[in-house]
Amino acid sequence: MQVGIVGYGVYIPKFRIKVHEIARVWNEDGETMAKGLGVSEVSVPDLDEDTTTIAVEAARNAIKQSGIDPRKIGALYVGSESHPYAVNPTASTVAEAISAGPGDFTCADLEFACKAGTAGIQMCMGMVAAGQIEYGVAIGSDCAQGRPGDALEYSASAGACALILGQKGIIAEIEGTYSYSTDTPDFFRREGENFPSHGSRFTGKPAYFRHVLNGATGLMTKLGLTVEDFDYACFHSPNGKFPIIAANTLKIPFEKVEPSLVVRAIGNTYSASAMLSMARLLDICEPDQRILMVAYGSGAGSDAFSLKTTDLLLEKRDQVPKVDDYVNNKVYIDYAIYAKHRGKILDMT
Amino acid sequence: MTRDVAIIGQGMTKFQEHWDRGVRELAAEAITEALQDATISHEQVQALFVGSMGRFGGQEHIGALVADYTGLTPIPATRVEAGCACGALAMRSAFLAVLSGLYDIVVACGVEKMTDLTDSGDLISALGAASDQEWELQAGLTFPAVYALMARAHMAKYGTTKEQLAMVSAKNHKNAVNNPKAHFRREFTIQQILQAKMVCAPLGLLDCSPVSDGAAAIVIADSEIAETHECPVWIRGSGHASDTIALQDRPTITNIPAAQVAARKAYEYAEISPDEVDVAEIHDNFTIGELMGLEDLGFVPEGQGGIATEAGETQIEGGKLPVNTSGGLKARGNPIGATGIAQAIEIMLQLRDNAGKRQVEDVEVGLTHSIGGSGATAIVTLLSSKRR
Amino acid sequence: MTILAEPSIPEYWRGINARFRLEGTECADCGRRTFPPRIVCPRCKSTKTIPKQFSGKGTLRSYTIVYEAPKGQELHVPYVMGLVELEEGPTVTAQIVDVNPDALKIGLELEVVFRKISAGGRRGIVRYGFKFQPLQYPLHTSNA
């Protein structure tokens, strides 16, 4: 039974802070930081934006692109590591804002570091394939935070991507999914803490690469595919380097990954990262092309997907703004304004 | 028609920050002075209307409170509220009470204690309660912002300038120098007003009336009693109209339709036309308010409020129709509930030839114009030294 | 003392359809549309009003820049407030975001966005609602 993406929508807030500017504040060399991370600037939410508001904007774009009646949505999941509440769902606010529900409709918030959004894709896939729902919405959305002065501050950013899954009007079929999950505490945040902690170099080989590479190879084995069968690939992007190394290791040519590297222009959007990268590929590719997407979440796990685009993609994707439209719509701010926006000035409520 | 009704006495506190006085003390001072001026005793007062928003302190049941602390119990005491038109509404309510024939002597008092609310954020929010609290204030539209929207639209439609707005403020401040009860008795130049800190563009600090404490009271009586007094001031006409609570729902945002309706009713009742008015107190909670008032009251053609002001038509010295000789809300001060009564008192003083250095020559008819919120309430009152 | 610069939770919840989706009412008898929703039609006084969701497209009828904020909006100062005339007829009051003050003019074309209205402090709820932004080509490629 065919299950696929019926519509997709993205949203990236317009403010940007340059890596050089963050470096200036912490007495680091901006050039070194930017080159080392493969990121030049990161997106920053406005004072009145949060994970919920940007999820709504992305979802509204997806609904518009898909042309579906939102009342036919049977399930909606929002994956994030910056849900505004510890207890109170983001998903229900998003649902009300897009006219989904209230009846014969389920929704919930998901967490698994940066793969909370793709976990939602897998749940919707199952429910659609089982005939339990007609359409499901999976959203990855984050307004990420890095501890002031910490390495993560240079890459943490904000963005959202919403996918509508269904069986009718598919623009990209999901051929299959494969996940690789272990207990690997490479990056974490305790309840009540403002900022996450991480294991520096431990986040590389034992964490990101182990799970991403196993996810990709496991998927290919499961579906009987090889690297040559894919036209494009995208990976969760904690910085501008890891996805390139992952591609290299899998012997995927750089030009197949390069168009997905939104991270270089806007930073790591956490739960939206892999999905936004995939959205960029959907923005530019042709029908009948195959895309590999591997999301990674610390803690740790990977979700890998194989997508095959259809002719409908060309009909639908011009209906709403594309990733590049948001990437290019930007206003620079300095660290002081950035700190004000991100609540890093103490006693801001 | 029916009875003729007049104001026979007045009293008011100075309008200022009264740190050492609350609502009870302010109202008592004003009412006591009014009763003395009217030469009547407490026992002769038959009803009391108190105009007060009260929101700045939270005390409700202000009618009874004032009756209690002024020694007026057990007469019926009623608090009336209509945004910034509370005082005018108290006056109208007292007028209607005497007009009905059920009462002969009624006191109308306006009082407001605003400065106890020291947190400026809370104060700004409290002021917004006169507009649509849910759909205007809570969306971020403060009260000055509502008038700023009207000012912007007026400037775009008629070419009104910031300089013309500033001239209203400059004139009213100059007038207040000669008003011992005024909050601010110093002059400002046009330049100073234009350079004042922005509150809500295009309105700056000196385009906005201040936060003041104060009380004002008048004694209203029927003609039989009024004729025994030396200088009764007759309430020749009273008009009261309502409109949408929110600015967004009005077909026009460059004028206040309720003011036009209220004015028409007052003029019709009094059989007086706008060009017979000799002096007026116009609701200048913001400078744009005086310009729109000039137009709504039929004193100048639509859109020409700024031009008339610039031409000096509203000055005491050589003006066709002196406006806000008291200093207006801007300089005399604006304790919300008291303002409408204070306007009537200024007209009374003018009609009695008691306005000192602010006196306008040959006044026989005066008008007060009081607006609640952004124009959801308008009350226009015509007063005269002549009974008919 | 409670100064209600933001709605209480029940009042906020009651208005969610209006706040999130710009849902007002339309009179079944005379067609007049209103926002926020009304039980009584202001034009023909009929009580047959039905829910009507507005598209969120409109033009700027007037605007101001607020420098002194009510409680909860202090961080946003200075911010732009506007009267937005929706294409369906009613005018709504909202903050205008993502706009260069130099670009503000009566008649500016706008569309609705979903934003936080007030952040709720450390312990309260976040209140969401509508604001407006200028149409920004190429972010708005379709007239649909």
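We call the chains A, B and C, going by the order they appear; numbering starts again at 1 in every chain.
Just so it is clear, a contact is a pair of C-beta atoms (placed from the backbone, for glycine too) under 8 Å apart; a residue touches a chain by one contact, two chains touch by 3 or more.
No experiment lies behind these values; they were computed from the predicted model shown.
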item: Chain nearest the global centroid, as defined over all protein CA atoms shown; value: C
item: B-C or A-C - the one linked by more C-beta pairs in contact; value: B-C
item: Centroid distance [mean C-alpha coordinates] between subunit B and subunit A, Å; value: 59
item: CA centroid of subunit A to CA centroid of subunit C, Å; value: 30
item: Euclidean distance of C-alpha centroids - subunit B vs subunit C, Å; value: 32
item: Subunit C: positions in contact with at least two other chains; value: 76, 95, 117
item: Subunit B residues counted as touching two or more neighbouring chains; value: none
item: Subunit C residues within the subunit B interface of the complex; value: 1, 3-7, 11, 15, 34, 36, 42, 61-74, 76, 78-79, 81-83, 90-95, 106, 117-118, 129
item: Subunit A-touching residues of subunit C, taken from the complex the two chains share; value: 16-17, 20-21, 53, 75-76, 95, 97-98, 113-117, 119, 121-122, 125-126, 128, 131, 136, 138-142, 144
item: Sites on subunit A touched by subunit C in the complex; value: 14, 46-50, 52-53, 56-57, 60, 64, 84-85, 88, 93, 96-97, 99, 318-321, 325-326, 329, 340, 348-349
item: Subunit B to subunit C touching residues, read off their complex; value: 58, 119-122, 124-126, 128-129, 132-142, 144-145, 148-153, 156, 197-203, 244, 246-249, 253
